[in-house]
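Sharing a structure here in structure tokens format.
Lettered A, B, C and D in written order, each chain numbered from 1.
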Amino acid sequence: MAFHSGRHFLQIPGPTNVPDRVLRAIDRPTIDHRGPEFPVLAREILAGLRRIFRTAGPVIIFPASGTGAWEAALTNALSPGDRILMSEKRNFSSLWKAMADRLGLSVEVIPGDWRHGADPAEIEARLASDSQHQIRAMAVVHNETSTGVTTRVSEVRAAIDRARHPALLLVDTISSLACVDYRHDDWRVDVTIAGSQKGLMLPPGLSFNAVSARALEAAKTARLARSYWDWQAMLQANESGYFPYTPATNLLYGLREALLLLEEEGLDKVFARHARHAEATRRAVRAWGLELNPLDQREHSNSLTAVRMPDGYDADRLRAVILERFDLSLGQGLGKQKGQLFRIGHLGHFNDLMLCGTLAGVEMGLRSAGVPHRPAGLAAATDYLASTG
Amino acid sequence: MAFHSGRHFLQIPGPTNVPDRVLRAIDRPTIDHRGPEFPVLAREILAGLRRIFRTAGPVIIFPASGTGAWEAALTNALSPGDRILMSEKRNFSSLWKAMADRLGLSVEVIPGDWRHGADPAEIEARLASDSQHQIRAMAVVHNETSTGVTTRVSEVRAAIDRARHPALLLVDTISSLACVDYRHDDWRVDVTIAGSQKGLMLPPGLSFNAVSARALEAAKTARLARSYWDWQAMLQANESGYFPYTPATNLLYGLREALLLLEEEGLDKVFARHARHAEATRRAVRAWGLELNPLDQREHSNSLTAVRMPDGYDADRLRAVILERFDLSLGQGLGKQKGQLFRIGHLGHFNDLMLCGTLAGVEMGLRSAGVPHRPAGLAAATDYLASTG
Amino acid sequence: MAFHSGRHFLQIPGPTNVPDRVLRAIDRPTIDHRGPEFPVLAREILAGLRRIFRTAGPVIIFPASGTGAWEAALTNALSPGDRILMSEKRNFSSLWKAMADRLGLSVEVIPGDWRHGADPAEIEARLASDSQHQIRAMAVVHNETSTGVTTRVSEVRAAIDRARHPALLLVDTISSLACVDYRHDDWRVDVTIAGSQKGLMLPPGLSFNAVSARALEAAKTARLARSYWDWQAMLQANESGYFPYTPATNLLYGLREALLLLEEEGLDKVFARHARHAEATRRAVRAWGLELNPLDQREHSNSLTAVRMPDGYDADRLRAVILERFDLSLGQGLGKQKGQLFRIGHLGHFNDLMLCGTLAGVEMGLRSAGVPHRPAGLAAATDYLASTG
Amino acid sequence: MAFHSGRHFLQIPGPTNVPDRVLRAIDRPTIDHRGPEFPVLAREILAGLRRIFRTAGPVIIFPASGTGAWEAALTNALSPGDRILMSEKRNFSSLWKAMADRLGLSVEVIPGDWRHGADPAEIEARLASDSQHQIRAMAVVHNETSTGVTTRVSEVRAAIDRARHPALLLVDTISSLACVDYRHDDWRVDVTIAGSQKGLMLPPGLSFNAVSARALEAAKTARLARSYWDWQAMLQANESGYFPYTPATNLLYGLREALLLLEEEGLDKVFARHARHAEATRRAVRAWGLELNPLDQREHSNSLTAVRMPDGYDADRLRAVILERFDLSLGQGLGKQKGQLFRIGHLGHFNDLMLCGTLAGVEMGLRSAGVPHRPAGLAAATDYLASTG
């Protein structure tokens, strides 16, 4: 690989740039996870996480990738053959469906495209028609990392309520938590799924379930086999500040530091920052004359921006040029959108000038790769950034 | 907590002391796990792991604790209701049994005490009596972390062979890998389970399955539900140097460095070092007039030493005194041995003087806590260390 | 201070951004500077430094700031009352003059402005007129960090030669070494002064003298008092890989890593990178309609760009706005240029997108601070960067 | 070099083991030393240092080794030809004398051996005889790092007072500060010299002068040439929280953390800890049947213990054996004591078990190297440690 001077720009939609303070916190001798020092750490983290998920209930930490937290949500809340409703609209939703299939659930998909979020009206209609309440759970992805589309979770909640349906609401916030306003308790979400490597600014390796009282109740009778992912064993051990098996102690050090960073900035300011950077990025994309992937104005992601390529141009070739020439990593189109779009992550530990460097890299890359565009995106973004914030 | 000057002595039997080089390797910006740089890292690690497990076959890395690797072994190799044979002799074996129960397997336990390893003769007898070959798998723990007893895996292998039984052989090497000689291929083990935080000298957060061709074959028809732990998806992605879901990149950096350290020292020297430190520790224990937990000379662990308390003395009180006064963490007795024994870890990143400091802490602690002993253990250990190695 | 998310842009002309690899190398246990491991480190560094200074002679390392290396150059080469010729043109030159005065030297200044480098013709004339050879040394600053002006050292050398004058040539390369082509031996420089925190990409705390045979000879009879800075004691100890007093071991670890980084990139590529970034920056400045401080085309610095403010606008207010709003540190005007100019550092561990972020910060800052300009600088820079390199 | 597993034991009398917290603090991006964030750091450190030196006056920080702080003391306080009184008793005192000679001072030495500290009675006698007050300064080393002898500075102060002599009192506390009780103000010391790499637990690269009002007054007329070391320029810049030239910012981060550690432990407890470890070490030495270098009971160092070899045995060979076999670095005999003694550092970031490991290494090394001794030292030390503290 060619030598690259200076800092790499890691602007995929996660893993995100890990702050030095977090890396340095991880870089500390491991302690005895059964000793008296450990519960001090654990309790501070468990309390801090509640503030981030905006819940008074428990948050469970798994030493696992985000995918593991999905599996935990399903295996704790459901039984073999249970029906679960999902929106087939995007890549990670599809992965979730595949997992549910493998675990022996009966997955029902509301068909759709990859340019819209889950549709509250469709969900309401489907649930209303389920008069027998055979559907046990409704699963949505808050922010689709693969398409840059955000589902309006509070409206999904309202739709379920209007349908007077008892389905559990499971929400994947892997790329929205600590980026976009999210309220586990207010929106009466039953299981919130999250991971460490996006808005929480950690390396990958931790994932989370925030769990409602209803979900805990459901877990008592749910019969999918589970052991590693079992909530009950976790909650019982957490009560005294411990874990039922060896926790990923050093990543927990990092988590403590990341929670401190979020509190120092203030969660509302974190959300405002993500919104402002997302808007600047969208203005850049429009000024380039390129198309944003989301079709509904209300569903633009504030974590990342998915940009569609003009017909006949390959997004992956553009990304390769940009990586080679400007040492900037962008996200690829996934699944059926491979080559059709690229994704700019603007989440996590980020600021105006990192965004300007990123957009400069994209704009210069479009030129280097010969992709038709107007070279006006960076100017549109700086114009917006200079006049706001 | 009281202020402690100097370095903590983390001599539980894992997590172990993480070398500075490994910590510093982890303390590095996360890279794009889908970019071109990643497979270089992945391939180097996957190749290095094979040398540690002494296998030509695949080793699978999970972003999970060691417990997860157990679950992976069971869910990939077995189907609901499958019969699995285990030795009920120790704490971690019990945990494994509990997991198997929860996953819907039919566990058969060879009863025993907690002071012996799995008995090859008993295993042979039981398998020989299973003329229908209803037992699908035999699971043993190579080194019982909770009791300091090592099972002679090569003899278990020979026992299975003599019984001409097709049971899969699953071996937990969580606290023996890279400490005690272990040979996945030579001993025809089907699944080897391991974790990062012991002999591999990493923080917790990664775990492993080394998998035989027979086990892979078995996985094709095994019907326990699995998704996160699925070998097939892993192996397929690993072929091109990638992972099916986000890997714990920073821990992988640490793993690369740890593998380098092991190769620099040389695996045979690593084993000899562990053996020598274990022998020095046993001499100290005997000189103190205390009792070693293992009853069979052939089954002493080289990773840790479990020391039994005189009747009427509480191991946990001793451990508390030692932690408070000498900033030394020792392992507790687990399960039914709680309070009856303490465990000295001498595995991983370790040397003669760290051992001397550790044994000095125990000896002074015995005195401080008023536990009857002869203060001759440290001298016995230094005598041995000075005359060997 | 307000919370700033993301990475700070440290674009003063030094200290520069320290690469993570260098920081992590420093973050390692200190070793015995009198033990057998130390000379391996020292020799590798001393050899590597010679390649950077382009000399076959010795390079001396002081545990000190760059200012200390100036003092070392003067005290080793000169005697009380010795006449030394300098160009009064810039701030750091002035500091050097003040130091020489304090040390009891007789300093003669060639007067001038702060927008030109040292003038080879003037130097030649003055030396030619010194028929008694009363001038013992000629001191120039290769790259004036305070003004962004580069002196053509090879032409100064030629001027001295034409004047057939035996003056020692002392050159300060604090902000040019490892940024701009520099040749200690080819240009027959007698003492080259350098520091760690600019092109060498280290934190401050180390400084250097590269020393010619003539300078060593002069030191034998030079009578300025010296002890800490004494070359002879250093060279004698260095022969066996040691130092006469405790070296700054951890910074030496960092130096080893920084030298590796420079070799991986290749020194010629390092120079080309600095030249390209400097040209892009100058294009931005001109496009903004602002004035560059250097007046001679041949004397533009490749390490930093000094930008003059329009009359009536305060550079320090602009810098404060930029720091507050965009978390970008720029250099201030020093001495009599305070408030009249600001300086953009583009040296050390740096790349295209870091430069784009930096220039975006300046351009948005000019707007925020109400400084008259055309918002076309960033575009001019990206235009140049995209079409080159 | 042979591979060594585990942590190196760095038990030279400095540099000492740097705590992880300090290393990690250093491992942080460098900031603008002229920006608004810097004075916050500087003021916190300058205030903290005053508490360590126990002075209400200024403490000056040099980016330099301890040797530089000596030079600073001499050049600021004295003029060429000034007479300075010193005790020729030990190696570092000799170095100091050599430096004073080189700087053009007139050094008068009170002759003596290397096994006693400076003698207050002799000092009183000599000063009393100097009726003309030609002696400008009296210089002593609080703790002689090369011999393990501590001078009773408060008694030296009383001796000067009794002689009614106006000599400035200069004290080197390089290996005693933050190890042994020291009081700059109470003992009316005029200049205290210190370094970063011993009791302050930092890597080498910073050094210090605590300065009395009398010393500052003397500096106004002192005529030794000085620039880098000039107190006045430092104090003036420090007033606003800045430095006259680039400070070693990253080491200052480490200093802040080290000061925090000392305050967390409490300075009196730090002294008690050093005293207890020193006593344990002396008991070990006596039990081995070896001889301590200091001959006066009141002058044993609490920072290090200098141990004399039996006749005919080479200390450096012993040290080489111990380093090779047990990865333990000990200090060598310096100057005329080379080969005659070795030194055990027990200062800085240290605790009981690190000391036990160290003494075990020495005891086993004595055996390996065939040095006559009774193998009872480690037991004597643990006996003492267990019964105290």
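We adopt the following convention: a residue touches a chain if its C-beta (ideal position, glycine included) is under 8 Å from a C-beta of that chain, and two chains touch if they have at least 3 such contacts.
As the structure is a computational prediction, the values presented were derived from the model and not from experiment.
Student: Give me the fewest steps it takes to get from subunit A to subunit D if each step has to go to a chain it touches.
Tutor: When the steps are counted carefully, the minimum from subunit A to subunit D is 1.
Student: If every chain is reduced to the average of its C-alpha atoms, which one ends up farthest from subunit A?
Tutor: Result for max centroid distance from subunit A is chain D.
Student: Measuring from the mean C-alpha position of subunit A to the mean C-alpha position of subunit B, what distance in angstrom results?
Tutor: Going by mean C-alpha positions, subunit A sits 34 Å from subunit B.
Student: How many angstrom lie between the CA centroids of subunit B and subunit C, rounded to a whole number?
Tutor: Centres of subunit B and subunit C (C-alpha means) sit 54 Å apart.
Student: Centre to centre, by mean C-alpha position, how many angstrom separate subunit B and subunit D?
Tutor: Here subunit B and subunit D have centroids separated by 46 Å.
Student: Which positions in subunit A touch two or more other chains at once?
Tutor: In subunit A, the residues touching two or more other chains are 7, 17, 24, 27-29.
Student: Which residues of subunit C touch subunit B once you look at their complex with the stated criterion?
Tutor: Those residues of subunit C that touch subunit B are 20, 24, 27-29.
Student: Note which residues of subunit C are touching subunit A in the complex, please.
Tutor: These residues of subunit C touch subunit A: 3-7, 9, 17, 27, 264-266, 269-270, 273, 325-328, 349-354, 356-358, 360-361, 363-364, 367-368, 375, 378-379, 382-383, 385-386, 389.
Student: Per the contact definition, I'd like the list of subunit C residues that touch subunit D in the complex.
Tutor: 1, 7-8, 10, 12, 14-18, 23-24, 26-37, 40, 62-68, 71, 80, 98-99, 102-104, 195, 197, 203-205, 224-228, 230, 245-251, 323, 329, 332
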